[in-house]
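Working notes, beginning with the structure itself.
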Amino acid sequence: MTTARRAAQDAVTTEDVTDWWSTSISDIEPGVIRLRGYPVESLIGTASFPATIWLLLRGELPAEHQARLLELALVAAVDHGPQAPSIAAARMAATCGVGLNSAMATGVNLLGDTHGGAGQQCMEVLAAVRHACDAEGVPVADAVRMLLAEYKSARRFVPGFGHRFHPRDPRRDPLLSAVESEVTAGRLAGGHLEIALEIEAQLATGRPRPVPMNIDGATAVIYSELGFEPELGRGLFVLSRSVGILAHAWEERGSGRRIKGPIPPPLLPTYRGPEPRKPQD
Amino acid sequence: MTTARRAAQDAVTTEDVTDWWSTSISDIEPGVIRLRGYPVESLIGTASFPATIWLLLRGELPAEHQARLLELALVAAVDHGPQAPSIAAARMAATCGVGLNSAMATGVNLLGDTHGGAGQQCMEVLAAVRHACDAEGVPVADAVRMLLAEYKSARRFVPGFGHRFHPRDPRRDPLLSAVESEVTAGRLAGGHLEIALEIEAQLATGRPRPVPMNIDGATAVIYSELGFEPELGRGLFVLSRSVGILAHAWEERGSGRRIKGPIPPPLLPTYRGPEPRKPQD
Amino acid sequence: MTTARRAAQDAVTTEDVTDWWSTSISDIEPGVIRLRGYPVESLIGTASFPATIWLLLRGELPAEHQARLLELALVAAVDHGPQAPSIAAARMAATCGVGLNSAMATGVNLLGDTHGGAGQQCMEVLAAVRHACDAEGVPVADAVRMLLAEYKSARRFVPGFGHRFHPRDPRRDPLLSAVESEVTAGRLAGGHLEIALEIEAQLATGRPRPVPMNIDGATAVIYSELGFEPELGRGLFVLSRSVGILAHAWEERGSGRRIKGPIPPPLLPTYRGPEPRKPQD
Amino acid sequence: MTTARRAAQDAVTTEDVTDWWSTSISDIEPGVIRLRGYPVESLIGTASFPATIWLLLRGELPAEHQARLLELALVAAVDHGPQAPSIAAARMAATCGVGLNSAMATGVNLLGDTHGGAGQQCMEVLAAVRHACDAEGVPVADAVRMLLAEYKSARRFVPGFGHRFHPRDPRRDPLLSAVESEVTAGRLAGGHLEIALEIEAQLATGRPRPVPMNIDGATAVIYSELGFEPELGRGLFVLSRSVGILAHAWEERGSGRRIKGPIPPPLLPTYRGPEPRKPQD
């Protein structure tokens, strides 16, 4: 080791090392586990699972109506069947000789920008429109009109609206009703809901069929109204869908299949490559 | 393709393909999502998140006391800090330019047999003792004595008992109290609790310090009393710890660090390999 | 923090921290990268990729014949098509909006005990038979006979022999020929090859069709003859199959598909669960 | 199932299913494995591992000089030590009770846009400059000047140049020398090399210290000159670094440690969150 390196290394203290891993979430001492300051034994039996999720992510315990709304959204998104690649991959993993945790990790890893990111993207859209309205005093209808014009000219879909399978996503109505009740009761501001409904209304105009909010749009409204940042929207979706991933991996485990491929044997993928040949050809 | 292959392939029908992915969990039709037969909109707002987890894993909605006990166990295990490799790996992943879902997958993937498997292993132990008692009429105390003798001669720790950090795991008491209340109320059989307490009592005998049940042992009692199979114990632990993994990945995201290593720069791992040399040496 | 904890923490030095991450593989200083003692610039252009793999795993550069044989085995196992769950999962991941590295991780994660572990297991079998012969002076034929009797009574397949798809694995002959040449030339001992051939011969006896060595068996012979430990057999297989995983993920990327499920829409998994019902039912 | 759904499903044939998984890479029949048209047994012993990698990714076998240059780049990037999060995470995974494949997947999953993406990003930069020169007739020096002005005004680093640890990356010179030889011999066009050297020269101008090309920049030159698309640059880096990931996971396996955290016990992360409190507070 050079002298300079040795000197640089010697300047680092053990406290620098423990600081490198510092956290505001959990405080662990022998016999003590505190989460955001609360001893874990004070939470067990008093805090619901959704309230605990909120506590760890936000730093404070939620009000009852906040926990209830978060719970609705978590329940709504637990599963959409094995035709989804995340679920299918987890089921296949469960037949390959890995632990159930690795099968779950496989499914979670597939909830990327395209497969699991629409909720987060919708939250970003709602936040952007909201910002335009608040900061620049643009009316919601105008801000939405500009937004949709941009998406149209870029030939992109607005994330959170429309579903390639459901003409109307059955999870939309119960989720939005719950938000509306909270807004009516004065417990939520309702600004994000207003924007989302305006997008939905304008998207329907002049189209043969409406393009209603889907699960990603409806949960984006909830998470935005509750003050979560967009990227956490993805995180919450992952927590929710992990339930379906686990249930399907476990069901596949029960099948006793080994090394399950995507299609049943003896079916084989169609080959479309070069004709048989030899290296010296 | 050979004629035989072609014939085998032709014998497969499209129904064989949809059957290959058959499931009893979710039934998806355009406009319809049913989970274990329940339309999802009938669950949103009526079923709690733990009840929905139970429904997907077990096929039926739980009784209220079952959901409550499951919730306690899920709350108890959400986090134990960044000195755990699962949390640390997720935090490092969050600085590497992958989605929050992939950071979570990284953490979940580390909850393997050694790091996340003690609960499942403890459930297997409880089930084995239970089986010996039920099937062969051995008294609990004798069955436990035999078990501990086996572990002692194999120089192995009994999974679910003792903690390398906590002299007494603060999550033990509130979890066991909750089970005891249910047993007293006649809503749980209590057989697994009895076995676990007997193990704890015998482990303490003749030792300077007790070896109390830890979080894995206490949740193993709960999950066993609730009728979950051991491997699902792992799955439930993963659902719970995913909350802490998400919270820590998100906190690290907020730090703005890039490519976070395990120790702060300019510290470098100690090198213990061969002296500098050249290929022709 | 308690005084005892503070004292324990204060007893840890920065050197303990750098030692915690000590390694014999790489020595990194500013401007310097040494692998097993060799400056990386002395390897670039002189060491082949297989030789570098060997160096990192074994600590020394291989002889030319060792590197050549390792290369054969790495080439042989690169791909077996998208009907394998590892390849299929990586292809699906590539359509979900994650980086190509995460798509590859998805595939690699599925090469577990069942899907990717046969080579390792075969190496363990060969080592066990070898040990019985060496330590207890049992003739190879007898040791193999006992082994096969055990597998037969446990109704298990011997790992590395037979293929559910190929009557005779086309990779067997070129791999074994290469080992035989090395044995003939006196550069390999041949003990593991002898055992594997004896297993193959005894498995064929009294059966209508032979149960020839497959890719896992043939590479197990190579890796065992080269002195790799069984678990590294799995690692080498992963390095090899990562090539196919990457190629398939990349091909799928080129398809432009988004959120590719296991079966083409509008096909849906068959539902076999409970009839439609309501929570109050 | 509705009549419409049934009709849609009935319109799908088994051939649609096998086409859904079609590939140009591998053709598998009983007893037959062809890669890009070549029977695998014709490659074993004749094609090097790098040549096989090229074949699977590009569709054709490489010329000898192409395979040689690819091999150099693969050798150069195999490892950079356990202070990298990918290596550290794989080592921690190896102590958690998961298979070596899952430990490798953990490391690979961390080679995301920030940790493993600089090579790909550098290739995109080289391609963009190249395009500006070719399509619009801009001289290389001017195109580079514009590029660097953009990066400067955005306060971003140019990917592939400079290293936070090495004043001069020791892998730069041997890699670039090899490219220069090929250009001199007329086997490579040299356009990407020219651009990269121009960037390096302009970056050095007016700075106290140069900002030389690093491993990502040097391999980006190689992969670009060889005609790989930028995203495959990431894929090739992953193949290379997988070797180091495996070697480190394996070394950690040998340590016998269980549940290795990022810092040695009894060190604990610094806690910076709220003071101890109770839910009713």
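The letters A, B, C and D name the chains in turn, as written, and every chain counts its residues from 1.
The rule is simple: a residue touches a chain if its C-beta (ideal position, glycine included) is under 8 Å from a C-beta of that chain, and two chains touch if they have at least 3 such contacts.
No experiment lies behind these values; they were computed from the predicted model shown.
The angle of the rotation carrying subunit A onto subunit B, fitted on C-alpha atoms and rounded to the nearest 5, is 180°. Using mean Cα coordinates as chain centres, the one most removed from subunit C is A. Both subunit A and subunit C derive from one sequence, and where they touch, over half of the residue numbers involved are common to the two copies.
A separation of 21 Å divides the Cα centre of subunit A from that of subunit B.
In whole angstrom, the spacing between the mean C-alpha positions of subunit A and subunit C is 34.
Spacing of subunit A relative to subunit D, judged by their CA centroids, is 27 angstrom. Among the residues of subunit D, those in touch with two or more other chains are 5, 9, 12, 14, 17-21, 23-30, 39, 43, 47, 81-83, 88, 97-99, 102, 105-106, 109-113, 116-117, 165, 262-263, 267-269. On the subunit A side of its complex with subunit B, the touching residues are 5, 8-9, 12, 16-17, 19-21, 23-28, 30-33, 35, 39-41, 43-45, 47-50, 52-53, 56-57, 71-72, 74-76, 78-83, 88, 99-102, 104-106, 108-113, 116-117, 165-168, 170-171, 173-175, 178, 231-232, 234-235, 238-239, 242-244, 246-251, 253, 263-264, 266-268. Taken together, the subunit C residues at the contact with subunit A in this complex read 1-2, 5, 9-10, 12-14, 17-18, 29-30, 81-86, 88-89, 92-93, 95-98, 102, 105-106, 109-117, 164-165, 258-263, 265, 267-269.
Against subunit C, the residues of subunit B that register as touching in their complex are 14-15, 17-29, 34, 36-39, 42-43, 46-47, 59, 61, 97-99, 101-102, 109, 262-263, 267-279.
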